[in-house]
Structures are given as C-alpha cells and as structure tokens.
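Each of the two complexes below includes chain A, the first together with chain B, the second together with chain C.
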Partner chain A sequence: MPSPLWGEGAGERHDGCLYMPWIQNRYFRYILSRFLQAIPLIFVILVINFFLIHASPGDPVDILVGLTDADPKVLQELRREFGLDQSLLVQLGIYMKKLIQFDLGYSMRYRQAVFDLILSRLPATLLLMGVALALASFLGIFLGVLAAQRPYGWIDNTSTFMALAGYSMPLFWLGQILLLIFALKLDLLPAQGMVSLRAPSEGWGRVFDIMKHLILPAVTYSSYFLALVFRMTRVKMQEVLAQDFILTAHAKGVSGRQVVYKHALRNAMIPIVTIIGYNFGFMIAGSVLTETVFAWPGLGRLMFDAIMARDYPVLLGIFFIISIIVILVNAMTDIVYVIIDPRVVYD
Partner chain B sequence: MTKPSLPGNGSDFTVPRVRAWRIFTRNRASVIGITIFGLLLLLSVFGSFLSPYPPEKVGVGQRMEPPKSKFLMGTDELGRDILSRVLQGLRLSFLIGLVSAGVSTLIGILFGAVSGFFGRWIDDLLMRITEIFQVIPRFFLTMMLVAFFGPDLINIVLAIALLSWPQLARLVRAEFLALKSRQFVDAARTAGASTGVLIFLEILPNSLGPLIVNSTLLVGQAVLQEAGLSFLGLGDPTQVSLGVMLYQAQDIMRTAWWATAFPGLFIFLAVLSVNLIGDGLNDLFNPRSRER
Partner chain C sequence: MLKKLLGNLGILILVGLMGFDTSTLQGANPQSGGTLIIGLEGEPATATAHLATDTAALMVASNLFNGLIGCDMNFNPTSDLAESWSISSDGLTYTFNMVKNAKWHDGKPVTAEDAEYSFNEIIAKVHPRGDTWWPTVESAKAVDKYTFVIKLKSPYSPLLTILSNILVSGSLVMPKHVYQGTDPRTNPANLSPIGSGPFKFKQWAKGSHIELIRNENYFKKGLPYLDRVIFQVTPDAAGRLMAFEKGELDFLHWYIVPHEQVARLRKDPRFKIVEKGGESSATNELLLFNHRSPYLKDQRVRQAIAYALDRNDIQNKCLFAEGKVAKSHINSGVSGFYTDKFDYKRDIKKANQLLDAAGYPMGPDGKRFVLRDFWSTGRPYESRASEIIRDQLKAVGIEVKIESFDRLTFVDRVFKKWDFDMAHQLFTTGPDPMISVTPRYHTNQIKKVAFTNGMGYSNPEVDRLFDTEYKVTDMEKRRQMWIKIQEILMRDLPALPLFEIPIVNAVSAKFNDVITRPYGYIQSREEAYLVK
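And then the complex of A and B:
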C-alpha cells in the first residue's frame, strides 16, 4: 500500500511528463490551501496593528531624539525620511505594497532591514521554543499516562501538584528562582546569554556550550506548557482507559504496555495535540519574559525593544512573521490529526 | 478512600445550596484553595493594620537586610520593609486581577450571548472578530497597549481585560446555542418576554456554571499578566504591586534573593488558590469530571 503521505496514484506517469510528487501530496496541498485562506486574516491583523500603533501617542522620532534639544527642522527631516509625514492611508498603502514584495521595510532604530533583523533573532527563539515544546510534550504525555494508570498514586499526586504549581507560577519568577539556585548558588549552569565568550566558536564545543546555556531557559519556558499537556493527558487517558475496548484488549491478552501506549494513548491524542497546537501562539508571546530573565538573544526581546522605541516596521514585521508561524502550526496540527486518527477527513 | 455516593438522585432532600457546598468541599484541593484565598484576602484587606512598617518608608532598616525577626522578609535596596510592601502589593494585585477578570467577563458574556442568541450574520461577524483576537499573540498586544498609552493602573487593567475575553465568549456562545431552542425559552417567549429578558434572565442564568469556572481562572491569569507586564517595566511606577516589586528587585537579585523570592511566592499563592477554587467549581458544575 502506498504511504498515505503521497496520496493515491503515486508512481510514474504514463505520458512521461515531469512529475512532481510534492504537488500531489495532499498534506502539502492542505497546508497551502489553509495558508491561502489565512491571507485575509493576516491582512486584518496587520491593519489593526497598523492603526493601533499609529493611533498611540508618541512616535519613533520622539523616542529616537529623546530628551535632547533637537532642532524642529531636524525632527521634520527625520519624519520625512521615515515617511511619517504622509497620511495614514498612504503609509498603509506603501507598507502593503512593499509587503507583497516580501519587503518588511527598514528598522528605524537599528537602521537595518526588518527581514534580516528578524531572521537574525528567529533561530534563537525557535531553538528555545522547540526544545521547550519537545520537553513539555514528551514529559507531559509520559507523566500524564503514568498518572492516569494509577490515579491517586504517588506519581499522580506529585505530578498533579507540580502541574498545578507550574500553572500558577509567574514564568519569569520560576526562571529567576532557578537562576538563583542553579547558576548563582550552585554555580552549575551559566546564568545569562546563549554562548560564553571563551567557548569554542565552532564544532561540538559550541554545541555543548549552547546546550548548557539552554537548560535553564528551556526548563522555565516549558513549565507552563508541561502543566497544560500533563493535565490534558491525564484526564483524557482516564476517560479512554475506562472504555470497553481497553477491557477487550486486555482480555485478548495484549500486553499491558501495548494496551496503554498503542490502544489507549492513540485514542487520547487528539485533544492533547489540540492543546499543544492551540497554545503555540501564546507560547511565542511568553518568550519575551523568559528571554528577559536569561538575556536570551531572541525575538521576544527584539519585540520588547521595538515597542519601547516605537519601531513601527519591526513591530509590524514581527506580528506578520508570528501570524504566519501560528497559522502554519495550526495547519500542521490538523494534519497530525489525520496521522493519529484515520477517521478524520478533510475536503 | 471510599467514594461517598453522589447525592441528587431524587432521594436527597438537602437544600441545593448546602448540597453544592458539600460537593465543593469534598474536593480536598478546593478546600485548600479557599483557605489560602481567604487568608490572603484577609491579609490584603487588613494589610495596612498588620504591616509592621509603613510600606513606602525608606530606611526603616539597613539596605538589603536578610530576613530575620525584625524584618521577616528582609529589606530592599532602599531599606524598605519587604513584608509591609508585600501586604500592600497583594491588595493591588488582587484588585487588578478581580477588576480585569470582571470587565473581560462582561465583554465575553456580551459577545457570546449576542452571537449565540441571534446567530446568522451577527454570529459570523462576532466570531470572526473573536478569532482575530485569538490568533494575535495576546501578551505582545497587551504590552504594546500599555507601553503606548502609558503604564498607569487603569490602562493596565483595561489592556488585560480587553484581550482576555475571547475564550469566555466562545463558551457563552456555545451554551446559548445549546439552550436557546430549549422549551423553557420558548415558554418564556410565548409568555411575552422581551429579547433582553430572554438573554439575561432566562438563558444566561442557566449557563452560569462554565462561565463562573472560566472567569475564576481569568482572575489568576490577570494577576499573572500584571506581574509579567510589571516585570518588563510596564507596571504603574507610582503603585506598589507584587509585579512592580519583582521588577525593582531585579538589580539586587544576586545579593538579596529575598527581594525576589517573597513577592513572587505571594503571586504564586494567590494564583494557586484561585486556580484550586476554579478546579473545585469545575467539579461542581461538571459532574462528568467529578471523580476526585
């Protein structure tokens, strides 16, 4: 049977035409169509943000000049340079026209193309987020499954309490406490940044160095998510484990582990995947706090600096990129559904 | 632990309110939650009588004194008593949490009720708006609003409230969709009830359960959001909130751990208690999850 990933009729075409399997790939097409559908939404988000940003008091030139006694002529010159002297609609039009050409404009503060600026910060955030997400998902599901098997056992009680704590704690405060204990008191891990100055700049030495820097931020960042995944897994697994087909599987002599991980977990996965996918967007927003505590050079911090400097192009650019990432992740979540549960069908 | 049999099968003649209280308190976690919440509430209401020193007063002790009997939570970089400031900050954090959650609950009810009751294009329109609010990274937008319009208390509360309602709106909408075609609504309509009466006096009271659970959780989230904003320097600098204390403690964290540890601990306890209560209420209103 052909892999479902490649759709029906995968193989060579009889007329010898150039054959591009990825176009036929139904998941690729699904992502593409979701993406096209999302374009109006992204547009609306950008317009809202555009007007919100421009409706607010103070502009980038004020902040740039600061408290210095600048000549009003210079200010006017700067505003003209940034295009701030034109009407809002004209500015919006120019922005959208450039956006279609994938030009996000220039940062007023860094004097650098916004696209390059975001690209230079994105990997650090994606690394942090990826590791935190993986940690939270695997550990959360694993503990959730264990807890559901023995409700009110010690594993359940401990992890339920920890989850509740992770849920109720300010993320950044947890980070600070971890930093106080593991970096400052015990001196086991680095406290700030992503690389050490004296660490090797390439090869495994660098990988190892980054990994060491990653531990505390990733643990901090994953805590809330871990709590969420754990709670969902525990509830859903308990529901599924109480159903008749589980009893049947046991009766047929399927080993306990197989029943739990193959029969039950697979049936409990959809809501778990949903909660992971749905919270992804909020997770990006949470990055600013973690990155502030650990001086992690990522997108969240860039966003904060851009807000403080009223760096309009950077702000809009980040909103743009984040909206795209969130929509992509949502589409991928839908695809994971199909892989988990073949009964799910999209038109 | 033996599970007591669930009341409410027709054989139980206790007053519903009493019965609800019994179910609620059967959950040990929610009892702990309500105890902590009560204690913290008392502390924050009577904080000004209890606090050993004036919270704003500089130099009641040495700078950065570690915790000891005279200063139970130590002093900060200006020699102010941290315990007294925590008591004052707790009150403000609670206030911000309750007011923001209240306002966003109102917005959510309005959106969800109108959407679910009228349906059709109104529903479509309002739900699209709700979706937009759900896709935009909320915390970024909150940060932006507060930074742009100035970090004073009212702006902070409004920014948090204006961006926290979508989930509640969807919930209320779902309840309204399920309830609006039920017989009691038809009966009221036949009896001549106006639209407003139908929405607010007939359907809304019947969908209160999930709504209360959700807005309880909103209180905790609002407290956390305020703390996060303040930590970034977007708190109201003229007020003492727990988040603002954490922001100010950042610079002295390496020498004075207590200035970071205690305000954060109280945020944690406050949010924890609210979440525990929310869990208990969820068990109460949602019998399917009433396992514990």
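And then the complex of A and C:
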C-alpha cells in the first residue's frame, strides 16, 4: 500500500526494494548532495565553536549552584558529573562520538536532553522568523517595486526614509519604543510573552492570542530585513525597468502591471532572493535581541542563556541545528533561482 | 558562665504557634481566588531548592515545598512543617514536632522520615551551601513518625535562623518516597516537583512560564487564597517593567525593580512599593580590594580611598536616593549586630596624607598610580558607581580604569584568578552575620571559589572572633563580639561598604500580603490574596 508520507507510488516493489520516487526528484537530490557536502563544514564549525566557547572565561558549575559560595566538594562532583574534569580533547571526542549517534548531549543547567530543549524552543523561533521573513519579503518587494516605478515620488521618499530608519535602528531599542507606544500608551497589544497567562484561551482563541502577541516582535524583527529587501528591490527594479526589453514589452502593448510584475520583477528577483537567503543566518542571530525584549520563548533566548551560563552542550547543539538550517536554506535558495530563472542550471 | 547561660536557655523552650502566623491578616478579609503573576529575570534552572540557590528557583520552590520552620518579620521562628520545637538545656539537641496532617501532592503523608532523608541525603550531600552549616550537625534523625531531632557537635546559636531561611540552608523537606534510591540531581521530579506546599506544580512552558495551582489539601487550614501563581520569564528590564505597569505582571522583587522608576511607581495608585521582605538578606554593595595589589596591600591606601569617596553622593546617584550609605560590613537591617561607629567621613586632606605616608607622592601630572575597577553587567548601579568613583578618586591622584564583564567572567577574574584591583560586588549580610559575613573575610575562605575571600584578606585576630562567636549563646556577648569584628573590618578594609541595596518590591495594588516575611522575595505566596 502506498505510504502517504512518501508520496504517490511509494512502497515496496515486487523485487522487495523500497521504491521512493522522491529520491529521483532533482531538487531533493540537489539538497541532499549539498547537505552531504556540508557535513565536513558542520564538523569544522562544531570543533571551532567547541574550543571557542571553552576558551571563554567562566566556570559553568558556578551557575549550576546558583552563583553562590558553594561547597568545593559539590563543585568537584558537578565537574565530574558533566565530564568537565576531563581534558578538552577527551571532552571533544566524547561529544563527537555522541553526535554521530545523533545524541546532542545533556544540558548542564536544565538537566535535560539538549535535543528536547531545542525542540521545545524551536517552534516559537520558527514562527517568529517565518512571519517576520514573510513580512520583510512581501512588503519589501511590494514597496520596492512601487518606489522604483516613481523614483523620488512620495511613496519612494517615505519608504526610503522608513527603510533607512529600519536599517539603522538597533533592534532592542526599536522593540522597546514599539512596546512603549503600542503596549503601554495605546494599550493595544500585549507587552511580554507568547500567550496571555491571566486568561488562557483554547482553540482559535489561542491562535488569535498568539497572533496578538506576535505582532510587535515580528514587526521589530522584520524591520532590518524589510529595509534590506526594499533597497535591493528598488535598485534592481530601476535597473531592469531601464532595459530595452521592457521598452519592447511596452511597445508590444503589454499592460503596465504585466510589464512590471511579470517581466521586470522576475528579472530582478535573483539578487533579492540572494539577500533573503543570505540573511537567514543573521536573522537567527537577531532573534536573540527580539526574543529578549519581548520575552518570546524561542531558541535565541535559549542561546543567550546558554552563553551566559556556559552551558556548552546546549550551545553546541544550537550551533549544530542552526548550521543545518542555514545550509538547507542556502540550498533551497539555489533551487528558487532555478524556479525564477530557468536559465540557471546546476550540474 | 557559659554553663549558666546554657542553663537559662534550657528554660527557654520555644513553642511555635499552631497553624500559621495570622498577625499580618488583621483587619483584612481575604477571600479565595485570583492569579498572581510574578516576573522573573531569568528562567530557573530547576523548580526545587536542593540544586540551586538562584532567586528564580527559590521563588518557585518555596511555593511547592515547606521547611520545618519559617520566621516572622522580627526573625522569631514560626511554624511550618514543625508545629512546635524545643532546645535542650545544653543547646545541643533540637527536637521538632511535626504536623500530622501534612500530605505530599501525591497524597502520601509527610513524616519525620522525609525530614531525616532530606537533611542527611540531600542537604548534606547535594545542596551547594550545605557545608556552611551542616558540619556543625552530629546527627539528624526521625525518632518517631512525627518527631525529628537534630543533635549538634557544639552549641550553634544561628541554627533556627538558618533553618528558617531556605536561601542559606536549603532546608526544605523533600519527599523521601520520590527521591530515595535515585540521584537527587537527576530525578525527573526536579522538573515536575511533588511537594507539600500551598501550590501544586501544573506546567513548565520552557522559556515562557511556570504555572502552579492551589493545593486543595494544604495542611494549613484556609490557605492558600490564590487559585494560581504563575512565574513568567521576562529577561529584559524595560519590557518587564512595561508588562508590570500594563498589569500583565503583579510582582517584581527588589533585585529587579529599577531604582530610577521607584519614585514614579510610588505615586501611582495602581501599585505598591513594599519596603520589606529583603531583611534576611540585608544586602550591601561593596568595593572589594585585592590585597595582592602592590598598592592596595597597604592599609593606608585602602583607608585613603575610603576617605576620598563621597559615598552619600555615590548612593544618591546610583540608587536615585532610594538607598543609604553602608556604614559597616553588616547592613543596618541586621539590627542585633549592626553598628555605624567605625564609618569613614569624606576627608580629602586626610586621604592625601595617607597616600603620601604610604610612599605614593603625587606626580607632576597630578597622578599617583593607576587602579583597575571591575564590575559585571546586569547591575546598572555598579556601572554608575564605578564612574563616580573614577571621578572622585581623581582628586587624590588615583587614576581608575574601569572594566566590565559578564557575570561568569567577572567571577573568574575576581574570585578564581584573583586578577583585579578593585571590584564591585553585592554581599548579603543577614539574617545572621555568621552565615553571610564570616564566609567573606575568614582566612580559611581564601579559596578559588565564587564569592569567598577573593580579596586575600587575613587577620588572625578577626579569625579568632569568627571561630568563637557563634558558639556563644548569650546574645549580648555575641553582639559585643560582632561590634569588635566590625571595628576590625572597618579599620582593615578588606572591602569598602558603599551602599545598602534598598528593599523596594513592586506589587500590584490588587494584591495584599504578597510579602509577609523578612525573606519575602523568595517566600511562599500562601498568605497573598486578591483584594475584591
């Protein structure tokens, strides 16, 4: 019986081999090959990070006992428990051995499996990032296209000013200003967290509640990237709109809207997609600030707390997951190139 | 003499009140219901108290578990799981009679065996600060189902104070049936605890909040009043304050209320600034002096710095006039022991004379030498203090170079590597100075452990006093010994007390009795109620 998970036609063939048509898919094979190529890179990232975070001063067991003048015997016992009494190379060896078995280790601070910890925080960050990225991309492209059509018109001037502001304002400062205006003064939106704790809701009520909590962090988070996407779209669209084939399209009687969105935008999209894909990694870094200001329970804050507590396994686990996500996003960006521009071919 | 005093002590048999202390509820008519939402500055590592001593973890744990005893605002012991207690005439045997109606959240009875297990297997072996007082204990045993006896090796007068304060002792009673035969550090119950306290654990949404619900079978009749207590993790100080003002949070404890906002909050009828609940910690901000520094090893240089600084100006600017100058190594809130007799008044002339006498004449450029001043991020008043100190010490020719670090790097530089000249650090000084002052300045505390004697201060005279005072059961005699200790410490200046951290808790006016104890910021909220 075909498995819905693997798609139409999947299942066991008459010769007993597992038939998985998605393996034949060229996009999938491309992502897989990129991923396999990236394994040595992930290894290098982890080794460098391992030594970097261990080189930073500070003893994680001090945090484990709550920053107190703890009994040295207790501290020694904790070091032994978490293998911190071993040499760095031995610790690295143990970590890598576990990693090969897909075991990300055990958080010293939370005394929980790192994978479970990351998994519990990842959805909140993905939701925030997804919404912010969508907002930045769609609004940035839309405003960029509008601005490029009438350079130095009021839409262009206003958007350019806003983009400049969004680009230059520190995220935490913008977040606090938005909180002050929309949460405190106007009392329109909640200030902290992802859900209302005083009056918890269920079902659709909960969805709306999360959406309400999401607005300010998402707007803050997207501001920098919206500015980037807007600037890039505006410049590229101006370039493309000045080219001969656009004139030809107009001469052929193609409507203005079609010329802009079908002919010009498609040609301007490659660098825009590059900017969006390239900045994905930076977005994860930005999540630390946004999640802190809005008490959003995501991965960025887990990372920040892990840095402050020198929770090495959690930090390495997050670096590992982020590396994989960034590599996947870059591979997907390459595939989007092909979809946008059929002239792009990968060997 | 000591024998006579011990004999007098034998007559003094302390009997706790049945039930709980109702004095705080006089004139009020509390009713059940309501949700109290408490803002936390960081996510607790655990919801139990035997693994960590951070404020966030203790704030949660105190609602889930009970100690043997607590104490009232005057530091008199009050009943908790022990309904009464007595001390033998020789001051060596403490007998606790436990309540018979207390139950764990899973329905099993709380007995003296749980106390025996908690003290011997958890506090003695796992708790980070167990070594501060446990070595004085000879044995801790359940003599029958509801009688628990602690025998001491020698008289130890702060014992009841220590037991009543979970921050210093961690003496919460844990369920033996849940922990026995397991490693108490990794037991899954640490993340979804089973306690005996007024609230039961409901959920821990990682990174977001911890929710506790009312324990309907709590052994203290009529308590608790609240339906739910929620601890929300709010790491950003500005966001946290806005959530409080907006009514999303109901309580911010004294360590996280921004001092510059207190005057404004005080005027707002929606809020109350509760100026109690930190007395048992009695926290002072100090400027630590590294006695290994070629300059600071000279007592005259340390005294010159004390004379050169206008600490009133420092506290005014750092705490926005909410605090006061710390005039001794004990906080003025520790009333039984404190004296301000040995304080320094600003005297630039004297400071210059001392520095000249120490052999550091003023150079033609107006400078004598350079000192580094360290502070760690997260406490804005320390940043301000270091800048003011830099300006004020210029007047006596000391150039100050300020460096700031994250907390763990700071601990590493100051307490582990001893690589600093001056450093800003909070030290608690209560509820009994033996617990909090002695571990900072005793010679045997010069060890590479956080918050010990990183200054490298050593004075055999003060060590002798530290080693004997806690065995003295005559309070007046003990007080005199502590006055002598303060005299020596203020003369030697292992550190200069800068200011006392003001106890300013911010509470929503919708709630009463959120704070009723001298350890109010980490106390159980069993007495708190919603004003209807």
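In this section, the second predicted complex is superposed on the first by the 321 of 347 C-alpha atoms of A that agree within 3 Å, B and C clash if a C-alpha of one lies under 4 Å from a C-alpha of the other, contacts with A are read in each partner's own complex, and residues count from 1 in each chain.
Operating definition for what follows: contacts are C-beta pairs under 8 Å (C-beta built on N, C-alpha and C of every residue); 3 or more make two chains touch, one makes a residue touch a chain.
Keep in mind it's a predicted model, so treat the numbers as computed, not measured.
Q: Between chain B and chain C, whom does A:334 touch in the aligned arrangement: first, second, both, or neither?
A: A:334 contacts neither chain B nor chain C.
Q: Using the touch definition from the top, say if A:59 reaches chain B (first), chain C (second), both or neither.
A: After superposing on A, A:59 lies in contact with chain C but is clear of chain B.
Q: Figure out whether A:180 sits in contact with chain B (first) or chain C (second), or with both, or with neither.
A: Both: A:180 reaches chain B and chain C.
Q: Is A:292 contacted by the first partner chain B, the second partner chain C, both or neither?
A: It touches chain B and chain C both.
Q: Figure out whether A:323 sits in contact with chain B (first) or chain C (second), or with both, or with neither.
A: first
Q: Contacts for A:172 in the overlay, against chain B (first) and chain C (second): which applies, first, second, both or neither?
A: Both partners.
Q: Quick check on the superposed pair: does A:303 touch chain B, chain C, both, or neither? Answer first, second, both or neither.
A: In the superposition, A:303 touches chain B alone.
Q: Is A:235 touching the first partner chain B, the second partner chain C, both, or neither of them?
A: A:235 contacts chain B only, not chain C.
Q: If I apply the document's touch criterion, which positions on chain A are contacted by chain B in one structure and by chain C in the other?
A: In chain A, residues 56-58, 172, 176, 179-180, 184, 292, 304, 308, 310 are touched by chain B and also by chain C.
Q: With touch defined as at the start, can you tell me which chain B residues reach chain A in the complex?
A: Residues of chain B touching chain A: 1, 29, 131-132, 135-141, 143-145, 147-150, 220, 224, 227-228, 231-232, 243, 246, 253-254, 257, 260-261, 264, 267-268, 271-272, 274-276, 289, 291-292.
Q: Tell me, which parts of chain C touch chain A in their complex?
A: 35, 37, 42-43, 45-46, 51-54, 57, 126-132, 185-186, 190-191, 205-209, 211, 230, 232-236, 238-240, 242-243, 245-246, 248-249, 406-409, 411-413, 416, 439, 445, 447, 449-452
Q: Quick one: which bits of chain A touch chain B in the complex? Just the residue numbers, please.
A: The contact residues of chain A facing chain B are 41, 44-45, 48-49, 52-53, 56-58, 151-152, 164-165, 167-173, 176-177, 179-180, 184, 235, 238, 281-282, 284-286, 288-289, 292, 303-304, 307-308, 310, 315, 318-319, 322-323, 326-327.
Q: Under the stated contact criterion, what part of chain A meets chain C in this complex?
A: Residues in contact with chain C: 56-60, 62-75, 81, 109-112, 117, 120-121, 124, 172, 175-176, 179-180, 183-184, 187, 190-195, 197-198, 292-295, 297-298, 301-302, 304-305, 308-310.
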